[in-house]
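Multiple structures follow.
In the two assemblies presented below, subunit A is common to both, partnered first by subunit B and then by subunit C.
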Partner chain A sequence: MSVSIEIPDKPGGAPALGGVIQSMGRDRTLLEMAIMTAVFLALWPVIGQHRVTDFMVFCILVLSFDLLYGYMGRLSFGHVLYYGTGGYMFSVFINYATPNPLLGMVVGIVAAMVVAMAVGLIVSRADGAPFSLTNLAFNQIGVFCALSAFAEWTKGDNGLPSTKMQPVWFLDFLQKPVNFWFSLFWLLLVFYFLKRLTRSPYGLLVRSIKEDESRVRFLGYNTFFYKWLTYVISCTLAGLAGVLITLNYTFVSPHAMDPNSNLDIIFASLLGGAGNLYGAIVGGILYQLIKNFLPMWVSDWEAFLGIVLLILVFNFRKGVTGFVVDRLAGRNAASMQPRGGEAR
Partner chain B sequence: MIQTLVQGLTIGGILYFVSVGLSLTFGTMKIVNFAHAAVYCLGIYLFITIMPLVGGMHPLALVIAMAAIVPFAYVVERYVIRRLYGESVDYTIIATYAVLLISTNVIKRVWGVQPQPVADPIGKFLDMGDATISVYRLSIVALAFLVFIGLSLFFSRSVVGKIVVAALDDNEGVRRLGLDVNRYFSIVFMLGSALAVLGGILYAPMTAVQPYMGFTILLLGFAVVIVGGMGNLNGTFFAAIGLGLVMAITGRFWSQAAETMVFIVMGIVLIFKPLETYGTSGK
Partner chain C sequence: MLDVKEIDVYYGHAKVLHDVSLSVNQGEMTFVIGRNGAGKTTLLKTICGVRAPGKGSITYDGQEIAGVPAEKVARRGIRMVAQDKRVFGSLTVRGNIELAAYAANESVSKSVDKVVSLYPKLKDLLHLKASSLSGGQREILLIGRALVGEPKLLLIDEPTEGLAVVVIEDIFRILGEMKSRVSAVIVEQNLSIVSRLADRVFIMKEGKIEKTISEKAEIANTRELERYL
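Moving on, here comes the complex of A and B:
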């Protein structure tokens, strides 16, 4: 893997996006969050507010994926299962229980968590390729559940609208600006949470599992439990993203769970640079910009995506943020490059 | 009942053709090869193009398509997979998936997205009392068993096969004997690709040929490989037949659930099977 094990709190280890924000301790996180807010607010008039909300939710999804892939080194090919589960359970709750979106949100997130707890028990036993493929298989099962098995409730291919939801307090989710601020709030919260989490001893343990699991186990840690826990946290956050996107679109369809969408997340993660939270944000925004605007000029979208993926895998494993950091850090960091991507 | 059985064995046979390549690539090179679906799909389209050129002779077109895919497989192996040899599994998954995306796009450009029909080349049916059985399906089952026996002989008797089996067991060991393992892997890769094309062409009359057909069969192939054991050739065969039967029996009662049942069986197998960790985490 391209990411080194050094603790990002140390000077020079943290991949900051510019020289401006450096070693300001606790204030730095606040500053970063302010910058993120500014970036999304700046995007608002340029690409439209609905899209920006879309981007932010996607960033949450990529962040959640990054915990699993970037930090723990487990490439899941079924992450959208939880995205879809969150969205569906939210919508089902709105339609068949009470039209309270906040309660629905709790239900959606808890549902994703419960599914992740159960599935995690199976998939955490595997790593490498079996992990990816087992997740993919569960994703297929999820699509089947949404499309056929529970079609009576999910309305199958037609999708399930959640326009029934009522305003709670001042939160009327049928109003687009409310969605914007609400998603932004959650994005900042998730970012802050993951930042604290990945810098904690737990975060270090998770990264150690990525580097060499057997050694961590040898130190006396129950690695299975930590792998399971990380899986559950990551998937629960994906469920949150699923709920938020359903709020934004007031609609959920089996397309949300399409196994091919996993590629969007992987691609965004790689593009930004896997294994750091800034990478997830940058990758999420860049990927969505490409996806939304490139097809206007390039009709062979899939081939383009494939070629860019190949280039990323062969030449730019650290993604955009890694590239920028290397440039800023001069040749020192660049000379360490060949060690990246060795067999794990 | 016997119809369901034949149906299951037919699907099992086709799954076997497709999975052999996946299993071998994983066993030898530790690579999850999504490009296998590209090879599979491209092979079928080549077959459709070749068919009218050779006057509609199905077996001849089949052999030509299988041969025609070998250079493509070689290019994929040489310029994508070999470059990633020994790297983390993630990158190989992403890179081979990228190849799949590119080839799907090319297929869409060249042949269009409309499903293409392929006729049953035999078209005869056996009357078995209350059930009629397609001779074509029976011949697929027979061919699957023949290929299984053939491959078993190949891997136990021929020098190339023996080297590959040894490398499956201990890659480094074989390397230390001074053998160029990569060359043998390359041969095995092309063999697996040709078999995938065989499976695809045989399956074509029973399904709709469209650019995305590789994806579903690839997922099923992965399930077969995981159930049968990665790199375990006998396991692949029996897992393919078993899962084919699972699909046919489920499909008899609830047709939409057939494919999902395969993954459920896979999940159950994973719960009870001690899972070796493959090639990641610091090996």
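Moving on, here comes the complex of A and C:
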């Protein structure tokens, strides 16, 4: 399965987000969401509910990264800045404002978005290595803020618990099953949103920027604005993932925005197949399975990951999903060929 | 319509255009010819906003556009078709046209019809990835895409370079049909096309406009034009 672009034959108008709404419906999205739900429910008894929740949140993070890297071709080494920002602002709000987790969630997501809006004004002017490294620099600034500059609120190295949060209606986030269903709900919603977005005229534009930005400008598009907007959307979703992981652990620490964690996301994206939402989900699950279970049998498991990464880069550029799709496409093409070579 | 006055353009410290001036009138199809390195592509890039001149002015419909970003120049009705024939290869042919349609506030079906009318064979190729098109088909798609949304001025860089004779004839026909609808500045080395379509020819040499030819008889004299290539 690969995400194909289906553009509605709409009358004029810039590729605004309104186009997203027009492209809704008439496809297999609901079936795919049901399959995803079934997969995570099947994993629950095998690896435990808490861990599956972790997996789902990680998948949201990889999905958000895929919009930036897979679709727009901008490789960020600082994506976890927003993951950490979401988590920290949620916890800070719970501890110092009010213990309402839903309000805290809004604060965490909005905070990530505001930071992305500001940082995006700078990083969206760059691409290639400067883009990656500028993001890394901002990530380091974020770590510094969490560890030192705002240690009075963040508690520095010790991290900040959010156990003070109170239930809202039936949503008691101190209960693990609530976190599972809540994270699943958000994963499905993010998947659905990104699928609509990437299939809309806006998605078409984002993919074109990846291919050749100057040609997109020749058509009259202000590519800076669209790069900035995509950055903000992507980072806001990373902030959502940060809030959800903090809900699951009721704790956030500087580790949440450790720059090394960016490698986890990049690895998962490459493993599943960048530029492909299914790839982000598959990569997210596979990477978490490797990271969680491989160390039980292999002491130097990171070396194994390195070897896998080399194989991916040199032989499986489209990741697991792309490989499977190509194999299936090849088999279908072969089955379409007339059989036998006998002249009749 | 377009008035380029005494522009100098630099790549770093190297001056590549020296006091270049030219003008294009409404509905006029002009050609720029000259040897490699004469500054023809740089001239188009400067008009379309990719490069900013160090000196001089470029006015279009009475407004200064020197140094204005490429997207803003495009929105004012100037479209650039670059030399390298690069389409958005991961999109379908239709996707390429749609992208232009959204930018130009034109309906997708109208845009697709417009491009297909230029080259009816494209109708069967609309669903294919643009990367699968031949060089000639790509050039036609690029010219068609540039015509989406009724632009006023096209800048086309070497449209027939590296193409088979059959396709060159198709492009000649398309440029001919275009002539009545839009002004153009076309960099071209194929003198057969230049002599048949040009209203005016600018000859460039070493970053300068060496000569401007407006006389029909002189334009039709390809042997004379050949001296400048």
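As a convention for this text, the second predicted complex is superposed on the first by the 304 of 344 C-alpha atoms of A that agree within 3 Å, B and C clash if a C-alpha of one lies under 4 Å from a C-alpha of the other, contacts with A are read in each partner's own complex, and residues count from 1 in each chain.
Operating definition for what follows: a residue touches a chain if its C-beta (ideal position, glycine included) is under 8 Å from a C-beta of that chain, and two chains touch if they have at least 3 such contacts.
As the structure is a computational prediction, the values presented were derived from the model and not from experiment.
Asker: Count the residues of subunit A touched by subunit B and by subunit C, then name the partner with the higher count.
Answerer: Of subunit B and subunit C, more residues of subunit A lie in contact with B.
Asker: Could you tell me if A:Ala137 is touching subunit B, subunit C, both of them or neither one (first, second, both, neither)?
Answerer: A:Ala137 contacts subunit B only, not subunit C.
Asker: Applying the document's definition of touch, where does A:Asp212 land relative to subunit B and subunit C: first, second, both, or neither?
Answerer: both
Asker: In the superposed arrangement, does A:Asn222 touch subunit B (first), subunit C (second), both or neither?
Answerer: The answer is second: A:Asn222 touches subunit C but not subunit B.
Asker: Would you sort A:Pro201 into first (subunit B), second (subunit C), both or neither based on which partner it touches?
Answerer: Second partner only, subunit C.
Asker: Of all the subunit A residues, which ones make contact with subunit B and with subunit C?
Answerer: 211-212, 214-215
Asker: Would you tell me which residues of subunit B are touching subunit A in their complex?
Answerer: Subunit B reaches subunit A through residues 26, 30, 32, 80, 83-84, 86-91, 93-95, 97-102, 104-106, 108-109, 215, 219, 222-223, 226, 230, 256-257, 259-260, 263-264, 266-267, 270-271, 275, 277-283.
Asker: Per the contact definition, I'd like the list of subunit A residues that touch subunit C in the complex.
Answerer: For this pair, the touching residues of subunit A are 5, 7, 9-15, 19, 201, 204-205, 207-208, 211-212, 214-223.
Asker: Tell me, which parts of subunit C touch subunit A in their complex?
Answerer: Subunit C reaches subunit A through residues 48, 50, 69-71, 74-75, 79-80, 82, 86, 88-92, 94-95, 98-109, 145.
Asker: Given the complex with subunit B, which residues does subunit A contribute to the contact?
Answerer: It comes out as residues 1, 69, 73, 75, 77, 122, 125-130, 132-134, 136-138, 140-141, 144, 147-149, 209-215, 259-260, 263, 266, 270, 300-303, 305-307, 309-310, 312-314, 317, 341-344.
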